[in-house]
Amino acid sequence: MSFNLYKLFFPCATENYQTSTIVLAGIPMDFTVSFKPGSRFAPAKIREVSIELEEYSIYQDKSLYDKTFCDMGDLELPFGNIERSIETIYQFACKLFEEKKVPIFLGGEHLISYPLIKAAANSNDGEFYVLHFDAHADMRDEYLGEKFSHATVMRRVGEVIGFKNIYQFGIRSGSKEEIEFAKKNSNFYFIDKWDEINNVIKDLKGKRVYLSIDIDVFDPAFAPGTGTPEPGGILSSDFFDILLKLKDLDIIGADIVEVAPYYDISDRTALLAAKIVRELILMMG
Amino acid sequence: MSFNLYKLFFPCATENYQTSTIVLAGIPMDFTVSFKPGSRFAPAKIREVSIELEEYSIYQDKSLYDKTFCDMGDLELPFGNIERSIETIYQFACKLFEEKKVPIFLGGEHLISYPLIKAAANSNDGEFYVLHFDAHADMRDEYLGEKFSHATVMRRVGEVIGFKNIYQFGIRSGSKEEIEFAKKNSNFYFIDKWDEINNVIKDLKGKRVYLSIDIDVFDPAFAPGTGTPEPGGILSSDFFDILLKLKDLDIIGADIVEVAPYYDISDRTALLAAKIVRELILMMG
Amino acid sequence: MSFNLYKLFFPCATENYQTSTIVLAGIPMDFTVSFKPGSRFAPAKIREVSIELEEYSIYQDKSLYDKTFCDMGDLELPFGNIERSIETIYQFACKLFEEKKVPIFLGGEHLISYPLIKAAANSNDGEFYVLHFDAHADMRDEYLGEKFSHATVMRRVGEVIGFKNIYQFGIRSGSKEEIEFAKKNSNFYFIDKWDEINNVIKDLKGKRVYLSIDIDVFDPAFAPGTGTPEPGGILSSDFFDILLKLKDLDIIGADIVEVAPYYDISDRTALLAAKIVRELILMMG
Amino acid sequence: MSFNLYKLFFPCATENYQTSTIVLAGIPMDFTVSFKPGSRFAPAKIREVSIELEEYSIYQDKSLYDKTFCDMGDLELPFGNIERSIETIYQFACKLFEEKKVPIFLGGEHLISYPLIKAAANSNDGEFYVLHFDAHADMRDEYLGEKFSHATVMRRVGEVIGFKNIYQFGIRSGSKEEIEFAKKNSNFYFIDKWDEINNVIKDLKGKRVYLSIDIDVFDPAFAPGTGTPEPGGILSSDFFDILLKLKDLDIIGADIVEVAPYYDISDRTALLAAKIVRELILMMG
Amino acid sequence: MSFNLYKLFFPCATENYQTSTIVLAGIPMDFTVSFKPGSRFAPAKIREVSIELEEYSIYQDKSLYDKTFCDMGDLELPFGNIERSIETIYQFACKLFEEKKVPIFLGGEHLISYPLIKAAANSNDGEFYVLHFDAHADMRDEYLGEKFSHATVMRRVGEVIGFKNIYQFGIRSGSKEEIEFAKKNSNFYFIDKWDEINNVIKDLKGKRVYLSIDIDVFDPAFAPGTGTPEPGGILSSDFFDILLKLKDLDIIGADIVEVAPYYDISDRTALLAAKIVRELILMMG
Amino acid sequence: MSFNLYKLFFPCATENYQTSTIVLAGIPMDFTVSFKPGSRFAPAKIREVSIELEEYSIYQDKSLYDKTFCDMGDLELPFGNIERSIETIYQFACKLFEEKKVPIFLGGEHLISYPLIKAAANSNDGEFYVLHFDAHADMRDEYLGEKFSHATVMRRVGEVIGFKNIYQFGIRSGSKEEIEFAKKNSNFYFIDKWDEINNVIKDLKGKRVYLSIDIDVFDPAFAPGTGTPEPGGILSSDFFDILLKLKDLDIIGADIVEVAPYYDISDRTALLAAKIVRELILMMG
């Protein structure tokens, strides 16, 4: 007789941190979301639906069974305390990068990318870039009076790593000020500029890249389960074409954020996130 | 301390009719809908979700803050009385056009376009055209024995303004008779003819155009909240490409109809409508 | 022609603060909710569904048309900042009580009751009691390391007004520690002790009472739209029997909290809250 | 090989009108519903879920297999035309009563009871009573300017059969005027007076009774799928106790109205209606 | 830093089988369900929502922290193969009973009770009874031509342990034949006979009892997430009153079956099941 | 007066088998579905929503009114018994093909294609091909220990008709083994190879083709109501372009499978299936 607690991302994940280079961890923080909260439940839901996917990817002709990766579960956070949560996430990420892990973080809200990327930047000697897929620029200086928010995360990141090291794709929403700032300072690509990804990949080849995917980069038809859906987004099939091109990059870490399962009865948003994670694992290491 | 009743379409709308050229008004009529009723709730829902959108549009690099527009609320209608409702809508629209407003009407069912367009035509000396985006031709002579119905609206409109002044895009459903009629009499473009919009825009340049958008022109994946969804429709990103081309036209009024919020738990249909309204406001005046 | 923006709680509410003794105000804070967030959307939803109810109550043979009350809209809060939010709510409530208003607050999460009740206690010379209906005792000393939480709110309230001045009904969930504390210190009634309400009403007659209703006092069948539903609760018809008995009390203020509209597609939770508010208005003043 | 089109109410219904005394018919009209429309879909949904129920009732120790009843399908109505619809329904019902059928009508909205009861009264020599279960009195003289509406139906019925011949149970909502009218003219029982049903049954014994059940007599927890849900209603188990007592009456016809399937994803409202219909069939004839 | 995979029923469950007398196990079989399938997902969902409940029960003034119990996860079954699944479940249950465990099984469909109870009977010298809570008698001899089905399970159980050893409460649905059989052979209590539970408890005192709870014993208002909901069921508060009386019995095992999470967006059915399990654990051993 | 039981696929379907060449039949089997079951309800739902579609197709300029086709209803199957169900389906399909019918089968799960295609192959002298649209290759040799499963169906089909006679489009998921098998043995087209359909149509011109459409070939945005949704699928508008090209083929039968209505509240999956069926009928015969 055998038993199954369905507790891991894909049944073939292990709990063995030591032997795994690729590690998954849930970061269930959603304290600054201004519109529809609930991304705290995303890591559990993404794991739950991952059993529906194959371990093998036709796209890459590779199987998770040939990879060793571990799922650490969800990081416990001081609930509602933004400052201490950011610090806890930062310390955790620093440890991972110091121990030469290649982590994939399951948000949670987008603000988690700030401590995660800061840790990645710290642990990193050479050039370091962030590739950011999102409907929103997330480049506000502050939001509702707060410096640390899902809507300011890339502004904070840019202050740490330099705005010229940020590449933003899929953007179709923002305030006038933040878009002007982004256009002037970061490498900003409006939603109709996906073709430019080819040039960017060429430029970033051989450099260390952190990938931050806000699920609302997709059109709400494909990812209704998110807090600030924005019509006019990318199609899922087009996204996988782009994602697969990233295998030429040296991705040292990634996050996928803003999945809010309660707004999607069909669970297709979480399933989409799980499939992205599978492809990321297979192209890493 | 400040308070917010979230009552207006975008917080930056005013209630000042006198100073506004662009005016929004809800027309919550859904008495002739044959399949799934409920578009009477659309204006309230579209307003509700509008707070999720930015006032600034990256697409046009313009902000609602630089526009003066007012939201008049919903027109009160004699419930269930089609004839009197049409008359009430007509009188209201006449007043708006006489006072040189550029109105955007939030349906309600598509039948409201008949009194709205009739009023627009009356107030208008020069050439006048209707640009109609819909899954359905709405060109029946009668429907279930009734002359006035969401399924006959463009037939009634054509009788007033001339069928050659109607341009129909996105059409993929209709009865044999109405389609034959439309092909012969109006400027009818089957769903696969979106490219023709460029020529039409060229032809209509400098002429006065009323825009009537039935939300079911979108595929049900993008707009599930509507009474008669029809598979095979346009994608939201493709639609925004087309919509933005219309800025070369002299749009004297517009309606967006057939949003039925109860069939869309995710509210993405209403959000799509709200974003279309934002872009319309920004390209008007 | 007349227009309706459906912006107020019941169409017969006014926006005239000066002439109204009874005032409604939304307090859309949900920053400490540990399980399912979303009560920030409750005031808007309760207003929206209130149009479905009659202004007249058969229960009391009274009509809202014979009352003057105003709906102030929602208080604007510093998003995500618990400390400043509590202070803002407190200042707002102090003003209301000083100006001799009888307020009904629409939450938001239960933590809002702390500043609200503190303000009520301050403005109040004679004896002052809190009548608390809830599935949960909310008597923890701290929750997830935080002193201020929806789960600690009655503990904080007791520290201000004295635990013996708190009466708790409907309680069926809590930690061992908080229940022992409540049993020892407050007037604690387990879910099966609703009959005791008659004695409590006798005791409280002529005294000033603040009423705090957590919607999860109802069974989830009646109020599925809440963050921490707890099976085994009161039926809606039994609740109205109890509520109506409270008309013998001198209710100086009330709140109804923890409605989370997104978890209830049928909107019956918000409708239940709206009906409670109607009965409260009619029994006040 | 055998095939099933699941088209009838209970597989054991026949399509043979001639041999059946008990006949079911759908009346899919919902043109005057002021809040949430959609009861036009109720007959189809009630049939669909009826297959989930047993043909045998433990409550009455009787089986539908021992009854001959037919399901006529849905009456076709001139869509949106209230006047002609009422006339069509009236003619249909007259024919049924003349041919000595005992019909059970599946609404549709409550307005259908007006032509149905008028037809029943016409065909009927002796004393004739209406037993009305509803959350609402439906005793307005007019509603939104209209004489014929789901909110005026019992006023119109009373004008035909005399108000003293109407017994109303479960009522918990109405305008001040209509409730005063009902209290003065009809036999009006507020929601807390269900016990009086015993006396009413004694009074009506041996007399001809038409039963009109508005599904919103139930609490929304039991019947969320309806257009104007009203909290504080009867429990389903209590209702079946009352319904079974009616077997002592001479029920000459019945309707069950205002089921609106789209607002109840669980289909439990339609299932409740189907079970009521089963019990009615078994207590008839 | 600590991590949480939320994998167990209540965080205080262990995975240590050896030291635990009380063991939980999921039996995710739903192969014979005739109407709406999906109970295979119940164990995972019940675990997921259990984190929302307190470990302490006010009802019993006891805490799960004072109990040692383990959650074994879900038994892996040969998918779709009924015969082999029954055998696998039987072997598993025999092992548990032989090793003197007191198991609580989370279905899955009701058919799982057959191998579970057969194993319990085998391992048991003295008198042995089954207490069965259900809307349905489940006493058919066969269903759709099959001997082993959720609709025949108590017939099969009776053949093993004797029908006089089965007590059935809450029953309100069945075929004529099975109800006649049940009335004649088992201890059958119609839905209106809950008061008889007191006498039954007296009779069963000191005897070994297996408890089988079909979640459809509740009214669909309280438990919409089940395959064959039946209106007219017990209220959740009344059920807990009854459940707590069972603490006088020597419950050697229990199952809770037929939770089908996909039909209950609110998750209140699974939450109700989780709360029942908590109370069962606390009254056991 | 006329009545409507809405029982047929499109009101213009007949029940006359003798006079119809094209026949529809529901095959409501879903016993081997491993993830989310429920396709047994698809035929009834597809019929229900078909009334929303026009009988006329603008795509083909043809009307169902000009076709004679019958809807046989649903085949009754021995519930839960896979072996006997396959045999029953096989016998039924053999009869249809022998009597020179051109059937369209409404699944049910994909396993039904095995007996259906076997019957088609038997009745067929010349060359015979299967055109398979699916997200999954369905080429496993066994699944969860079973030879007959929705995940093995094309392997079983290939063993009967030869793998080189199978063309598979839209495939984006599978196990490593089955994909390697499919690539080597069948005509396998990965999701990005839709353009190859033109060549395939050229090759198959004049040959007898059976078309098997698994609804999960669509992206979950377009078809959320299915048991194993797979992100990255085809758009509905692109699919209709492809489907219409098939009119050059001699389609002798077709099935559309794996619609699971309960996971799609909007019913757009069933509507999409109904529209595909309409186009198939119009291109047949």
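Letters A, B, C, D, E and F name the chains as they come in the text, with residue numbers starting at 1 for each one.
Here is the rule we use: contacts are C-beta pairs under 8 Å (C-beta built on N, C-alpha and C of every residue); 3 or more make two chains touch, one makes a residue touch a chain.
All of these numbers come straight from a predicted model, not from anything done at the bench.
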{"item": "Option in A-C, B-F or A-E whose residue-number contact pairs overlap A-B by over half", "value": "B-F"}
{"item": "Farthest chain (mean CA position) relative to chain A", "value": "D"}
{"item": "Distance from chain D to chain C - Cα centre to Cα centre, in angstrom", "value": "38"}
{"item": "Mean-CA-position distance for chain F and chain C (Å)", "value": "55"}
{"item": "Length of the line joining the C-alpha centres of chain B and chain D, rounded to whole Å", "value": "39"}
{"item": "Contacts with 2+ other chains: residues of chain F", "value": "219, 221-222, 235, 263, 265"}
{"item": "Pairwise chain contacts, counting only pairs that touch as defined", "value": "A-B, A-C, A-E, A-F, B-C, B-D, B-F, C-D, C-E, D-E, D-F, E-F"}
{"item": "Chain D contact footprint on chain C (complex, rising order)", "value": "52-56, 58-59, 63, 65, 219, 221-222, 235-237, 240-241, 265-266, 268, 271-272, 275"}
{"item": "Chain A-facing residues of chain E, complex", "value": "1-8, 25, 44, 48, 71-76, 88, 91-92, 265"}
{"item": "Complex interface listing, chain A residues touching chain C", "value": "30-32, 34, 36-38, 40, 78-82, 143-146, 149, 262-263"}
{"item": "Chain B residues touching chain F - in the complex, by the definition given at the top", "value": "35, 171-176, 179, 190-192, 219-221, 224, 228-235, 263-265"}
